[in-house]
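Once you've had a glance at the structure underneath, I'll fire off some questions.
In this document, chain identifiers A, B and C correspond to the written order of the chains, with residue numbering beginning at 1 in each.
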Amino acid sequence: MKLALVAALATLLAASSALAQSPAIPPAGEIVPREITWLASRPSDGPVLSTVRAIADEYAAQHPGFKLDIVETPDRPSYLQKLETLAAARQLPEFFDTDATPFADKLRQQGLMVDTAALLESYGLTDQFRPVALNYDRFGDGSLYLIPLEFGMEVFWYNKAMFEAAGVAPPSTLDDLPALCPKLAATGVLPLALDGVDGWPPQRMIAWYPFRLSGGDYLDKLKKGEAKLSDPIGVKTTEWLASFASNGCLAKDFSAQGYTDARDQFTQGKAAIYYMGTWETDAMINEASQAEAVRGNIDYFTLPLTPDAQTGANEFFVNSGIGMAVGSGTFDPLVYDFVKYMLTRYSELYANTGALSPMTYTPEKLPNDAPLYAKIVGEIPKLGSLYAVPWDTQLDPKSNTVMQQQLTLLLQGNITAEQFQQTVDAAIAENAPRFFN
Amino acid sequence: MTSEAVVNRSAPSFPGTGALNLQRAFSQVIILLIVLVQVYPLVWILLTALRPAQEFAAGNPFAIPSVITLENFERAFAQGNLGHYLLNSAIVTLAADALIVVLGMMAAYAIQVLGFKYSRLVLGFFIVGIVVPAHVTLVPLFLNYRNLGLLNSYWSIIVPLVGFSLPMAVYLFQSFYSYIPRELYDAATVDGAGPYRTFFSITVPMSVNTVVTVVFVNTIFIWNDFIFANTFVLDKDMKTVPLGLQSYMGAMGSIDWTATFAAVCVTITPLLLALLVLNRAIIYGIQGGATKG
Amino acid sequence: MLSYRSRIAVLVFLTPPLLAYVVAVVLPIFQSLYLSLFEWDGIFDPVFVGLGNYVKMFTADPSFWGSLGRSLVYVAVTLVFQLGVALLIANLLTYATRGREVIKTLVVLPAIVSTVAIALLFRRLYSFDPPGLINQLLDFVGLEVLTRAWLSDLGTVLTAVSVPEGWRFFGIYMLILYGGLLAVPRDLEEAAKLDGATEWQVFRYVRFPYLRPVWITTTIMATTNALRGFDIPYLLTNGGPGESSELLTTYMYKTAFAHTQFGYASALSVAIVVECLIAVGLILFMVRKRGFTV
C-alpha cells in the first residue's frame, strides 16, 4: 500500500520532464495511413468542421485506413479544462485548438507544437493566407505555431430605425458612443446589448480606447506590469467605461445575460447597438429569425476614432478565431501530408460556405446575395495593417480573471474607475511575473 | 420492516375541531403551492421545446406558446445523435449503479454486521470520502488512468463515479443495517447460516428500500455528470447525454435553446418514465431508505 | 461481535469496495495533497514550495476568505430549503387527507431535470429586462419596489444562486423526513394530545426526538452536498458579478483550469475537504452535546 502510493506519486509528476525535440519539416519516411484526432473547440455543424470533415473523407478515399476523428467541445471553458488535462499528461493529439495565449506559449516552449511558419513555408502556402490572419496567431516574438481557419471583423451592428427615431447618427469618435445612450434610452430601447456572462465581450470595450491611442503598445506593457491602468491612457479608458454605467447604456442585468440573450435583444428589436464579429453575419441577414421591425434596418459601423488616434479608421478588431495547432509528439509523414492536402482544398471549399476566409481565395460569385453580406466582404480589401487583439488572450490568466470580474462591477456602476485601476494593477503586479519572465 | 409496513403506518388522521379544519385547509393550500413550484419547471421545459425558436427569442418566455411546433425536436435529432447519447448514458448509469449498490452493501455488511476490530475506523475512512470535491483530483486521476490504460473507455467514467458515490452508499447502508435487530442474525446463526448465506438470505432482501434510495440519488448524479465524461473520454462514440447537449452550441457560445430543450425533454424521458413506473417503490424506498426498511 | 463472522469473510466483503474507493478517491486525494506542496502550471516541472500555498491561502488571498464565507451562506440558504421547508412540508403532509401519493411523486420531479436546464430556467425567472416571472409576480401584487436584477444586484446574487440548489433536491429530503415522521408511534401522539399538548408541543416533544436519527442523516447529506455545490453557481453567474457569488468550489475550479495553478488549486481542495470534515464534526458534536446518541 505504502509502496504503491509512493510509486503513484512519482509517476504523477514524472509526466513533465524532458523537453521534446522540435520535429524535422518535412518529416522523413513513408506515409502510413492511420486514425488521427483533432481536439476542436468549434461548433459541430459550423463551416470549419463541415469543410474539414468533407476534406478528410476525400483524403480517406485516397488513403484507405486513414480516419480523422474530430472531438468537438464548443463550450470554451470545458474545452480548455480538457486541453490542460491532456497537456499535463502529455497526451496531446495530432491537432488541437488554441489561441496564442501565455499558456500555449508554454506548450511551445516545451516543444509540444510544430512550427507552422516553417510548415506553411514548406508547403509553399504562406502567401495564400491573409497576413492579418497569420499575424493574429503569432506569439509575442513573432513566431507562428498555429494555423488560422477562420476570419472575422468585429463591428457595431446597429438598428437604423432606432437611431432615426432617437435622432442620432453613428458615432464618429469613441466619446460620442456613450453620449448616444441617453437619447436612445429615452425612446424606450436598450442602447447597447452586451453578453456579460462570458468575460470577453465586456473586455473588448476596455481594449478600444487604448488601441486608438497607442495601437498595441499600451497592452504589451500593461500585461507585463510595465504600464499601469493608473497611467493617463488607463485613466482615460476607465473613466470612459464608467460613463457607460452613468449614461444607462447597458441593461441593468447585463451581467446575467448570455451570448444568445444579447444577440436576441438586438435581432428581436429591443436593443439599438450590438458589438459582435462578422461570424454573426448570418443572424444579421437572415430576416426570418428577426422581429418584423428589425428586418431591413440592420447596418453596421466600425470602431470610432479618437481626436488624436494613432490607428486608422480601417484598423480595428480583426481576428482569425481560435487557431489549430499541430502536436509535435505525433507529427509524422501522414500528418504532414494530410495538412498539406487539407489546406490546399480548404481555401476554395471554405470560402464557398459563405464564411469569411483566412485565405485570400475569393469565389467569383458571392455565395450570398444579401447587400449587407457584400458590404462586409468589400470591407476586407480596405483593411489596414494594424489590428486590435483581444486582451483575454494576452494577459496572464489570473490577472485576466480579476480584470473581467472588476470590469463587470465598473460597468454596473458598483465601483469607481480609481478602485478598478487599483485592484487590477495590483493583480497584474502580483501575477504577471510568473508568465512574462 | 419492508415497504408494506410503512404503507400500513401512513395516513394518521386526527379528529377535527374547527381550528384543526382551518389548519388542515391551510396545509392543503401550502402543499398545493409547493407542488406547483416543483412541477412548473418540467412544464416550462416542455413548453419551451414546443415553442417556435423565434418566439422564444422575442416573446415572454413564460407565456403559453402561440403555435405548437415539433421543429425543435427535428433539429435536436438532426444535430445530435440523441439515441447514441442515451445508450451511452444508460450503459454508464446501469453499470455504475450496480457497482455502487453491490460494493456499498458489501462494505456496510462487513462494517456493521460482521464487525471487526477497526470497523469504526474503516467506516470513518469511507465517510471522509463524502466530502471530497471531485474537480481537483482530475489531473491525478487522468495520469493514473493513463498509466492503467483506462482512458477512453466506459470504465474511465464509471470508476470515478463509483468511487465518489461509494461513501454515501456505504453510510446509508450502514446506518440502515444498524436498525436490523441482532436477534435476526442470531437466529440465522442458530440455523447454521455462515456469513455468506446470512448476507444473501437476510441482509440483501431487507436492503431493498435503501437500494432504491441509493440508486435514485446516484442515478441523478450520474445522469448529469459532465466533468468525468468530458475529461476522460475523447472518443465521440462514447459521448454521454450531458456532453451531447453541447451539440446545440454554435460559434462563440451561441446556443440553440429551443433545440437544447427539445433534447432535454428527450433525455429526461427515461428518468421520468422510470420515476412514474417505479413510482411506489421509489417513493417508499426514499421514504424508508435512510432509516428503516 | 457475532459468532458467525470470520476474518476471511470480513476480507471477502471489505476488499473489493475498499479497493475501488482507494483507487478512485483516496489515492488521488493523496496525490492532490502532495501536489499542494508544489507550484505547478501543468506544463513545466513542478517547483516545490513546501507549505507556501497554504501560507498564501491563509495570509495573502482575500478571495479565499471571501469565497469561504460565501460558501457558508450558500449552505445556509440551501439548508433552509432542504431541512427547514422540507421538515415543514413533511409535517403538513402527515395531516393531508387527499392526494398524498401524487404529491410525493411530484415533489421529487425537479431532481431529474438536467442542470443546464435548471440554470437557464432560473436565469429567466430572475431576469429584470424583460421582467422574469419573479419580477412579474412582485409587480402584480404591488411590490414594484422589490423588483430588481436578482443576479446582478450585489446584495441578492448570492442568495439567488443558492435557491435553485436548495429547491432542486428539496423533495428527496422531504420524503426522507416524511418517512422518519411515519415512524413516530401514533399512540404517543394521541396520549400527548389527550394531555392537552398543542400541535407544536406534539412536534417538539414527541415527533422530533423520534425523528432525530433521520434528521442527523439528512443534515449531513444536505450539508456536505451544499458544501460541494458547484454547477448551478458556475452555470448561472460563474461567480459574478465581480466575486459576489464565487464559492470555494468555483474558485478552486477557476484556479486550476482558468489560472492553471494546479498546486494552489490542490491546496484549496484540501481546504474544502477540511471544511467539510469540520462541518460534519460540528454536527455530530452538537448532537452529542445535547445528550442524544446517534
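Convention: a residue touches a chain if its C-beta (ideal position, glycine included) is under 8 Å from a C-beta of that chain, and two chains touch if they have at least 3 such contacts.
Remember, it's a predicted structure, so these values are computed and weren't measured experimentally.
Common neighbours of subunit A and subunit B, by the contact definition above: C.
In this assembly, A is the chain whose CA centroid lies farthest from the centroid of subunit B.
Inter-chain spacing, taken between the CA centroids of subunit A and subunit B, is 39 Å. Computed from the mean C-alpha positions, the centre of subunit A lies at a distance of 37 Å from the centre of subunit C. Remark: subunit B and subunit C have CA centroids separated by 16 Å (rounded to whole angstrom).
Residue positions 8, 12, 81, 85, 88, 258 of subunit A are each in touch with at least two other chains. Contact with two or more other chains is made by residues 27, 31, 35, 42, 130, 262 of subunit C.
With touch defined as above, residues shared between interfaces to two or more other chains in subunit B number as follows: 138-140, 144, 226, 257.
Within the complex, the subunit A residues that touch subunit B are 8, 11-12, 15, 37, 39, 42-46, 69-76, 78, 81-82, 85-86, 88-89, 91, 93, 195, 198, 258-260, 263-264, 267-269, 277, 279-280, 288-291.
Taken together, the subunit B residues at the contact with subunit A in this complex read 53-54, 57-58, 79, 138-140, 142-144, 146-147, 151, 226-227, 230-231, 234-236, 246-247, 249-255, 257.
Note for the complex: subunit C touches subunit A at residues 27, 30-31, 34-35, 38, 40-46, 123, 126-130, 149-152, 154, 236-243, 254, 257-262. Residues 4-5, 8-9, 12-13, 16-17, 77, 80-81, 84-85, 87-88, 103, 106-107, 109-110, 190, 196-197, 251-256, 258, 270, 397-398, 401, 405-406, 408-409, 412, 414 of subunit A touch subunit C in their complex. For subunit B in complex with subunit C, the touching residues are 6, 9-14, 23-24, 27-28, 30-31, 34-35, 37-39, 41-42, 44-45, 60-62, 99, 103-104, 106-107, 109-111, 113-116, 122, 125-133, 135-141, 144, 159-160, 162-164, 166-168, 170-172, 175, 182, 185-186, 188-189, 193-196, 198-199, 213, 216-217, 220, 223-224, 226, 241-242, 245, 257, 260-261, 264, 267-268, 271-272, 275-276, 279, 282-284, 286-292.
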